[in-house]
Each structure stands twice: as C-alpha cells, then as structure tokens.
C-alpha cells in the first residue's frame, strides 16, 4: 500500500523540520513538523527520535489521513503523529503542523495561561491571544492520548476553521505549543513567532501589569498582513 | 524616473541590515535599516519580506524623500518605509534609521515604559531615558498608519533635531524600537545598544528598586564620547 | 597495573563530554562525563582542567571502581571522580554519570529547591521532581568531600537503584546537577534535559503559582517513553 | 621612547581580548584586556574602538606603568587604560586586567549590589562576595575619571594585595565588572566566571530568599583550587 508523495512536499517538510534547531527551538530530538497532501490523502512527518543533524528526506514517514496507517517509510513516525492527523481532519485549511517544546511557550503552557496580545509583534500573526487548553481528563490520557490532544485543541477553537486560520496555534496545557499554517514552512514560522512573543510577553509582564494595547492598533497590524487589504510582504 | 544612488550607500545599507541577524536581533525577516542620500533626495531601504540570508545589494529599494515614490528597485520597500521617511524629513541630522523587534526593547515598548538610565552603558550613547511614545489614536491607525508612527516619534522629541542627536532612539508604544544615527551603520549600532541596555535594565529592575545613578557620572560618560571634549574611540 | 578499556567506551565518553559545550552547558572547562565498564571493574572519565576544544580520547583517564586508583592515562582525573565512583558503586544499573554547572539547574541547587514536575517535558524523563540534597555537614566537607557528595546523593534516593532509574538525576545543594543513565551518552542527555526543564520551570514559576499538572498526564508521558508499554522513539 | 614587549605577552593579550566575544561577553567593541610586563615597566592593552573581528597583535598599545605614556603602537589605547594602570600600581600580584559590560554582572553593578556567594561555582574562584563600589563623587568624575575609577576599586579592597588575590574582581557601581589575575588569560577567565555567577545569582534570588550556603562548603571549594592544599586541575 506504498504511496509516494511529491518530492517537493518531502523537501519542504524536511526543511521545515531543520528550521526548528536553526531557530533555537530544539533540545535534543524534540519537536516535529508535518505537511499534508490532501489530494493523495496523506501527510509526511518527522520520524521518531532521529537527531536533526542526521535527518534526511528519506527518513520522513508518510501517513494516511483517514486512519493513520504508515504508507511509506522505513522508520516509525513521530509519537505525536495522531495529534497532527486530528488537526488535519478538523481544519481543512491547514497544510502543515508544527510541535515544539520551546522554552517560553512551554512556560505559558505549564502555567496554563494564554499568551495575551501585548503588542504588534503578536498581532502581526495571531488575531487574539494564543489560548491554552484545559487539562486532559484521566480518560483522555489513558486511551488515544495523542489523538485526544488534537481533539482538545480542536474543541478549544470550536472546530472552527476560520478561527484556526486567524489564530494559527494553541498551547496544550502542561505540554507545549502546536502551530499550523498553509504549509509546513508556515507552520514552523508560526512556532518561531509563538516562542518569540512568549519570550517578549514574559519580560513585559515582569515589567508591568500592562493594560491591553488599543484594539485599533492590533487590528491594523493584523489586517496589514492578512485579508484583502494586506500590503505587508511575506 | 530611475535614480541611482552611490554604490557606497547601497553597500553600507546592505551591511547594516545584515548586522541585525548577526547581533541576534532578528526573528525571521523582522527588522529593517535604511540610509539616506540627502543631495539626491532619496533613501535606500530593505525590501519587504526578504530573508536576511538571501539579501543582496540589488534587492534594496530606493525611495524618494519628498513623496515616498519608489525610484529604483524590483521589490517592494519595507512596510515601515513611511516611518523612516517621516524621520528623515523631520530630523535633518539623521543619515540612517533602524527598526527591530528585539526582545527586551519590545518588552519595554509593550509595557509602555521608558528605558531608564540605570548606568554608564546607557549614558555612553543615550543622553537620557529612551522614551516610549503614547498610544496612536484610532484615526492615526486607520489612515497613513506608518507615516503617523513616524509623527508620534517626532512629536515625542518636540521635532527637535538636537534632542534626536542626543537620544538617537525611541520606543513606539506596544510596537518596538526605532533608532537612528549619522548613517545606516550608526543607526543599527544604536539598535544593538538599545537592546543591550533594555536587557540590562530588566535584570537591574528585578534586582532592586534602584535609585538613579549620580548625574555627574552619566554626564561624564556621555561627554567623553560626544561633543567637543570627546576622547572615547569609535 | 595498566588496564585498557574498550575503544568504543573511550569514544562514547569523549563524545558525551563534547556534547556538554555543544549543548551550551559549559563555562570554561566546567563539567565532566564518565562511563563504566563493569566487567573490567573500571570507569573512564574526563581529565581535570583540559579545555573541551582540545580534549582527545587519549586524554581520558581510566579509574578502578573498587578503590579509585588511576589505572590508565597520563593526566589527572576530574576532581569529581570520587563522586562518580560512589554513584557507580551504589547504583548497579548506572552506566554513565554527568556533572555540569548549567545555569538554571544550578539556580535551583543554590536555592536548595527541588525542580518540581510542571509539565510533560519533565515527565517524559523524570518520574517525579528532581530532588535537591540537604547541605553537607562540616565533617563531610573536611574529609573525602567528593566521595561524600556521592553519598548524600545516594542517601537522598535511599540507595534505591529502581529510584535512580526513574529519577536519573539530583541537585547537590549549593552546587549543581549530577545526572546518570544506562551509558555516558544517556547521562549527558539527562543533564541537557535537566537544564531545559529548570529553565522552563523558572519561567513557569514567575508566571504563576501553578497548581501541579494532573498526575494521569504525567504518568502517561513517563510510561510512553519508559517500561514495557513504551512506544516513544529514542 | 619606543619599548618593545615580548611577543609572547602581546599574543597572550590578543588571545585574551578575543576570548571576550567568544564567551558572549561583548556587545560591539565593548570590553578590554591588558597584560603587564613588570620588568619592562609597561603593559599592553586593546586599542580604543577596534572591532574584535579585526583586532591584530600589531594593534595593541604599549603603555608605561609609572606615567601612562604610550610607548609603542599606532592606535589610541582603550579609554579605560588609566583604570588598568591604577590597578597594576596598587596590586603587585596582578598580571592582567579585564573590563567588560557583560549583562548580568552589569545588572548587579547598576543595582549597586554585591554578587553574594550563593554556591560552589562562585566559591571555586572568589573567596567572598564580588563587592560593588560606592558611587564616585562629582569631583572624582570631573577630573582623572578613569584613574579615579581604579582608585575606588583599590579603596574598596583597602589596597590589600592579598584580598585582590582572593577576590579577583569588583563591580564598579552603575558601570560594570573589572577583574584581574596572574596574567591576561586569567583575568578574562575571571570575567567569564563573574558573568556566569551573576547570571546564576539572579535566577537563584528570583527562586528564593536564600539563606547563605554553609561556610565549610564554600571554604572547601575555594581551598581545593587555591593555596597549598589545592588539588583541582587548571
């Protein structure tokens, strides 16, 4: 039942994975990126436990969307594969998913706090706070844990594809960030931005119990990068 | 209407832009530097959305000072171009402008706090606090947002060229630092120093509700680098 | 009385030592890793005071387990050698030991606080808090100080090899982390993880007086990597 | 009046200066190291304002100890030269001096706090807190400012060469650390350690209002590296 995805997708997923250590978001082998080919009904994901410096396009694993079966690849797919799959199934506009344990985003996840919108750096990408999920229940942990991690993310966004486009990332309580985008590259960019705004937010909160910035400023920054009136280069 | 600026300016602006990631102030493509040729009535600025590692002198965009028209270059100029233009028009002594989203300076901007003068590292370059602007109004955000961002900076310094020379940088509330200098290279040096003193200030404030350092010490450090009695090498 | 250990062990210990600076855990020559050959009754350890960038496999020192005598090597073994030896003697399952002065783990050690379990990053590797020892007494410092440092670690874990496997690292009060694992490579991985979770924990504690994460989530993360039901790639 | 120092001293001072950016302690051209040749009555110091990446042994400046005259070199010596000279004259055991604006040490200097002894990392090198000077007076700033900076350091240590050996560094209030050692290399090592322990101390103080570590432990760590009973490799 081998299914071959286009080489261009494998290459993009490889490069997106390698962007994680290059951006300083990786400890050891932590983190993973996938990219989907909706026509072929599969996605390509990092294998489990391979060091970034040894990762090759050939090591990537191809997984079937509808049941999670491995359809190509010699290695085991990332342990978080079922979370990625759940997100692809729930949000049709998603083309790539990234998961990291980046330090400052994890700190918010461990404190079970949303990352608040404290400035334009955040508003350029996320149209609202980066929300933190509630805890998973004992039942959700005991069986299909990774798929349930996806479900709690989907539930937090009310399964709304439009919201998933406007807020392309979420913190899983006590765990860390999952981000997504139109493709693998965009999903890892959102992971990098999520970490950067978490870092800025921690320092901002230490400096002041800040009042929120004016909504018109945040709106301006989001809309100059997104939607019909966008004029910010990407 | 093509206008060619001297190659030496393009090269300086290119190198000043590349100093941003080298100094660790860049996330993705964030940040931009420009340099002005007042005789030709134009300035040269980074294009929008080009990764630093691919940036070439040819990619830089030449913009006319008096109306912001692009007069040379294949790419779109930085979204922040109008802010740079406003600063060049208001402050005749400025030869270069830099904007970054560096983490600690942004934290002060997001907390809407001036960076206070806490030591000689700050006083060596900035003759007083690095001030933070007030919020832009809804009207200032709705139309000519980027130019208005320049205006709020100019207003903060009372349009005073002398003050702009003594305090070569400002924090735009909720956004981040804009710095400037005699040329592009100096403007990016001031961005690097702004981030360094913000980082030091955050730790200092965490360690103590500090009394301000003695003014005579700060005066000594500023004047040994600036003005007629300067003897500090640059 | 020269004893030659297998080249493969020397090479593993060399690479594990070099992983310390590569992971950003080293200041100057600080830190050391050893690996044991239980059949030969010896362990191999970094020499004292050699810069990482000059370290060669030939510089490693072979030490006899039962009495600490140097049995091979031109250089003096690490000052902390007796601590390593004590841990090997007390815990039969340990194959490698790492000691660092990594910044955030040391901060917990200096605050004499356990690193609490605040999330899944921690629970993936440590089945409970990374505990901090009590202070050494004046007598324990005056004589056999390094061996006594090992003893206070062993006592903290009740000399229980099973606990040492489940919590592969400890903070020595006012000093820093000692971690271990099945081999030298695993012990340094645990040092890297210990530092990463300490860094996350400091930020988490600053953001919130957090309630502990649900135990079922932590249990799930530990058991998906360890024990008979493990399915997480390494 | 040209005086040539031994090439070995120039080379050591060059390498010690280059260790500053390599250790991450430099912003732009900040920081300087010197080394003394007491027999020749001169010291060699970094020139003012030269970027580290362009610094060559030929750029170093040779300065006469007794009056501060430049006796060899094309460039101006570091602005802080008179502070170095004052320290060499006051403390006969000093062979090298380093000054940096490293972030965490500066934070303590700006908060005008000593770096307290919070653990063995500190006690391995500094036999007591790294003390912070009082403010310089207006008179001390107005004339011979740099030499007076040296005097306030010397006064803080009661001009005691023995204390200068036991505590090889001081924070100048609102300014930053000056460290020293038997030679240039040792002085920069002490600058690196000063920054590392300042970083650890800031995190430790954030985690706990710590009680001081037991003195017998600190004594043990200092004496295993220093004095007649030392057995720690360097």
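Order of writing sets the chain letters: A, B, C and D. Residues in each chain are counted from 1.
In this text, contacts are C-beta pairs under 8 Å (C-beta built on N, C-alpha and C of every residue); 3 or more make two chains touch, one makes a residue touch a chain.
The model shown is predicted, which means the values in this text are computed figures rather than measured ones.
Q: Check the residue numbers that chain A and chain B use where they touch, and answer same if over half are used by both copies, otherwise different.
A: Homomeric contact, different residues on each side for the most part.
Q: With chain centres taken as the means of their Cα atoms, state the distance from chain B to chain C in Å.
A: Using C-alpha averages as centres, the distance is 46 Å.
Q: Can you check how far apart chain C and chain D are, centre to centre, with Cα atoms defining each centre and the answer in Å?
A: That gives a centre separation of 33 Å.
Q: Touching two or more other chains, which residues of chain B qualify?
A: Counting only residues that touch two or more other chains, chain B contributes 206.
Q: Based on the touch definition given at the start, go ahead and assign the chain network to line, ring, star, complete or other.
A: Topology of the interface graph: a ring, with each chain touching two neighbours.
Q: Run through the chains and report each pair that touches.
A: Listed by label, chains in contact pair as A-B, A-C, B-D, C-D.
Q: Show which residues of chain D lie in contact with chain C when the two form their complex.
A: 118-121, 189, 192-193, 196, 199-201, 203-204, 206-208, 210, 213-214, 216-217, 219-220, 224, 231-234
Q: Touching chain C in the complex: which residues of chain A?
A: 27-28, 30, 47-50, 75-76, 78-79, 101, 103-104, 106-113, 135-138, 141-142, 145, 173-176, 202, 205-206
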